[in-house]
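Take a look at the structures listed below.
Here come two complexes built around subunit A, the first alongside subunit B, the second alongside subunit C.
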Partner chain A sequence: MKKLAVEGLKYKYPQSESLALDNISFTVNEGEFIGIIGRNSAGKSTLCQALVGLVPHFYKGAYGGKVLVDGLEVKTHSIADIALKVGMVFQNPFTQVTGSKMSVYEEIAFGLENIGVPRSEMVQRIDEVLKMFKIEHVKDHNPFDLSGGQMQRMAIASIIAMRPEIIVLDEPTSQLDPGGSEEVFQAVQSLKKQGITIIMAEHKMEKLAQYCDRILLLDNGKAVDYDTPEKIFSRDDLESYGVAAPVYTKVCKALGAKKQGTNTYPVTLEEAEAVLKEIRR
Partner chain B sequence: MNSISLYVERNSFVHDIDPITKLIYIVFAILIPIILPSFTISFICVGISLVLLAFAKVLRKTVPVFSFVFLILITVIIIQGLFKPENETILFQIGPITMYQEGLLFALTITLRVINIVSAFMILVLTTKPSELVESLVRKGLSPRIGYMIVSVFQIIPEMMAAVSTITDAQRARGMETEGNFFVRVKAFLPLIGPVVLGSLINTKERAMALEVRGFNSRVPKTYLYEEKTYAHSKLIQSLLLLGIAGAIVWRIVS
Partner chain C sequence: MINVKNLSFSYKKTEGARVLSDIHLEFDQRSTAIIGQNGAGKTTFVKLLKGLLKPDIGQITIKGQDIKGKTAAELARTIGLIFQNPNDQIFKRTVLDEVMFGPLNIQMEKSAAKEKAIEALKMAGLDHHLDTNPHDLSLSEKKLLCMASVMAMETDIIIFDEPTIAQDNQGKEKIKQIIQTLKDKGKLVMTIIHDMDFVAENFERTIVFNEGKVLADGPTREVFSQKQALLQANVEAPYITQLADKLGFAGTVLSIGEFIDKVDANK
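Our next item is the complex of A and B:
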């Protein structure tokens, strides 16, 4: 089932000469995990914001094409309506702290209060996300006193507590150490198992290759390719889009070790291991 | 984190009383001495406030506030005592300086009024969390946007101050003089305030977006994480206070 459909989306920021998004089309099925990659200023963040309606409602500017979220046309609905279906986590965890709540616990409750979740359910949902992101031990701390990584996990937790059907994450692991990133990907993976659709812009290619169903490659506001991680990272022209393939793929490319019976290179450690062992024999 | 709120965490029945009742008490404490202008009434009002502050175990926290207020009041006493136009009765003389009774009594009235207002407000400020106060006002119909604005100030201002000190350190690390005579300080001000203002504007934009996606503008009726804070005798206290005000007005008209 199509959960998200983008049709010929074009967008230009006000006071800008060039298109930030240029004729982008793709569809996402329910429960899929989609990665968005591309160099800086390729349009990843703008595309993420277009999925929740911040583009065009928040920025204004010239807008063309259509974004359908679960059948809802983004252009004709308010951000508050779309927020019930799509949650978004931003790059900077610091500015996602509302500043009106005195503890992490209350901070997570902020979104739930706004969308009118009853108290008993609120408490249950908050406890659940606190556990999921391992921030129970700081639940009574002031949100601004957290470390970057804890703040980022709190930001993701606050969105997930609102139980959207689609979650858009814009570089959610930028402040996290390898362990923290892995935890976020694990949590996202468990959301995917619950049938939640996930869109994530990221630079950590190894992680995307491991977890994503499909990857959207953006360059200069245009969608270059939209395919499985194997196909995307096996492209020869990746470097020209400012993207580096996962290190496993690079090694296998250098050795010319393709996956058996396909024309693609391995993208995860396990796949590379299997292919290279085969060669050694 | 250092907060700019004066709230003091204590265990007392004054802390348990809901913010709305405290607001009504402020109105009561301000109106009564105005309706019934006598020293006795003013003294009683100040006395009640001070006793409540003592019960709330925050009396010591009022000292800095009162000392600041006294500093201003002393100038009022001196100026009124010396120069009030109605001054006639000489109270005492120190060299060429003459203190008059009328001015001094007038200054005493003002002093009592000010102390009365300050101590009534102090009960609210020292024993109520700002977020709690705003939340109860939002429940009573204040726009959540205005409520957010008030509460966020208490956290955003300290954050901005932290940003200022980070930027100061960064500029110093690049060799900028930030200490020295007045001229040096003025010169250091511009490269400091630029990034602070621009940074806050960008932060505000991003925070506004983050609020949007968390349904801040949702039209669904809001729910609250905490139950409304109610004190067992709120209604009784509130009606007694309002009755007191009404009674004072009647007393004033009749007598």
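Our next item is the complex of A and C:
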């Protein structure tokens, strides 16, 4: 069974005249890592919210089509039910923080308390994610005293602690330095290896190219394409959707250096290195 | 334009390591990127320049004047800082009011303030949103709005804190143009940033902060050739530079254009 299935999804925010999501369909297999790309206002965040049920339950508005999360139809189930299957990390960590907890430790505990995780297990899970995201040293700080980077790590940690089967991340590394974003991508990669399904909206194309199985390209609320990073980033019309290919792909495109025996360009440092070495011989 | 001597600072005055220690820097007109890990002291440093924090030790002079006795309000005519999180900056009810607030506050005439505000909003691509409530804008638009608010004040020094966060390709191009326009006007543009390819393409000088100290400083090309310092500061070279290094190109390549020129020259 598909872990996630979106069928003909249409959505319009209240008081808006145009569709934010316009007839989107795609499926995701268990353990896949899917990237969502597209210019700002293409519908990436709205789609993320639709996968966890905030669209339509929280935002209301006009809704058509279906989103099935591990077989549960989002529209006919409550956010509380859906939250057991799928967790979401918000674009702006500031929006995600509850505001009712006085420490990072309690903030991470919040979600676990809500789903009734026994205390001893809670302690163990919190310690694990604090370590995983290197925020142990700020566990007693007030969430609002954290730096942007620390707050973002806390936001991701608090979702991962809930161990959802599907994790949706909306630009989870925007506030992080390159080392920090690499750590997040590696943490996500290791979750994927444990069979967790990952959906991530991101502008860091080099990282998506390196880690994703498939990429969904959105524009104007529509799904333009859904394919491997190589295929997506090799599209000639990519820039017309407001997306720049990874630097490695741009260079290889300019030099006409395709991957051997394919019609696609390299998308990672290693691939570009291999192809360009060949050309220079 | 700015002279920083022997600067040290810590948030907790009684205990622990200093956030910044013994910083000596001089800033001229060159556009300057400040890079380094989260927690290296970058934001603290620019808050000190802006007068939002006071140094424990050391002296900061801006255009020859010690900023010690000056209030943040006085400094606001000379130095503008765009916060990393736009929600910390925005508080008015319309986009136009938000951008006019700064100019009005430094006693600009209302009509002049409006003119400056609209000019700045045009640069930011938000002039079609004059009556919109700022809180209805997206994160990337809010960031551009905050840039406009500071640009409208026409300060000689403009500091960005992470301008490219949440921006798509088009937004980054817009910021590139904004920086160029400000440079052309003879302003000192400084930015804290994690996007190294953006640094390589747009900034003449790069300063690497590490654990509250300046680890490297110089023309951007020179700094990105100091592999040891980058490693120590846990900063990656731009992607294009990394690829050129892997292929054994001589020198430090900073842009796709330069990369292609090198390949062509080798043919």
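Here, the second predicted complex is superposed on the first by the 280 of 281 C-alpha atoms of A that agree within 3 Å, B and C clash if a C-alpha of one lies under 4 Å from a C-alpha of the other, contacts with A are read in each partner's own complex, and residues count from 1 in each chain.
Following the convention adopted for this analysis, contacts are C-beta pairs under 8 Å (C-beta built on N, C-alpha and C of every residue); 3 or more make two chains touch, one makes a residue touch a chain.
Please read all numbers here as calculations on a predicted model, not as lab measurements.
Contacts of A:L112 after superposition: subunit B is touched, whereas subunit C is not reached. Contacts of A:V243 after superposition: subunit C is touched, whereas subunit B is not reached. In the superposed model, A:L19 makes contact with neither subunit B nor subunit C.
In the superposition on chain A, contact is made by A:N92 with both subunit B and subunit C. Within the superposed three-chain model, A:M102 lies in touch with subunit B and out of touch with subunit C [touch as defined at top]. Looking at the shared chain after the overlay, A:V129 reaches neither subunit B nor subunit C. By the document's definition of touching, of the two partners only subunit B reaches A:S158; subunit C does not. On subunit A, the surface touched by subunit B in one complex and the surface touched by subunit C in the other have residues 92, 94 in common.
Across the complex, subunit A is touched by residues 1, 129, 131, 147-148, 151-152, 155-156, 158-159, 203, 206-225, 227 of subunit B. For subunit C in complex with subunit A, the touching residues are 36-39, 43, 84-85, 87, 138-141, 162, 165-171, 194, 196-197, 234-236, 238-240, 242-243, 246-247, 256, 259-260, 263, 266.
Of all residues in subunit A, those touching subunit C in their complex are 38-41, 91-92, 94, 147-150, 171, 174-181, 203, 206, 239, 242-244, 246-248, 250-251, 254-255, 269, 272-273, 276-277, 280. Contacts from subunit A toward subunit B in the complex involve residues 49, 52, 54, 58, 78-80, 83-84, 86-88, 90, 92, 94-102, 105-106, 109-119, 122-123, 142, 144-145, 155, 158-159, 162.
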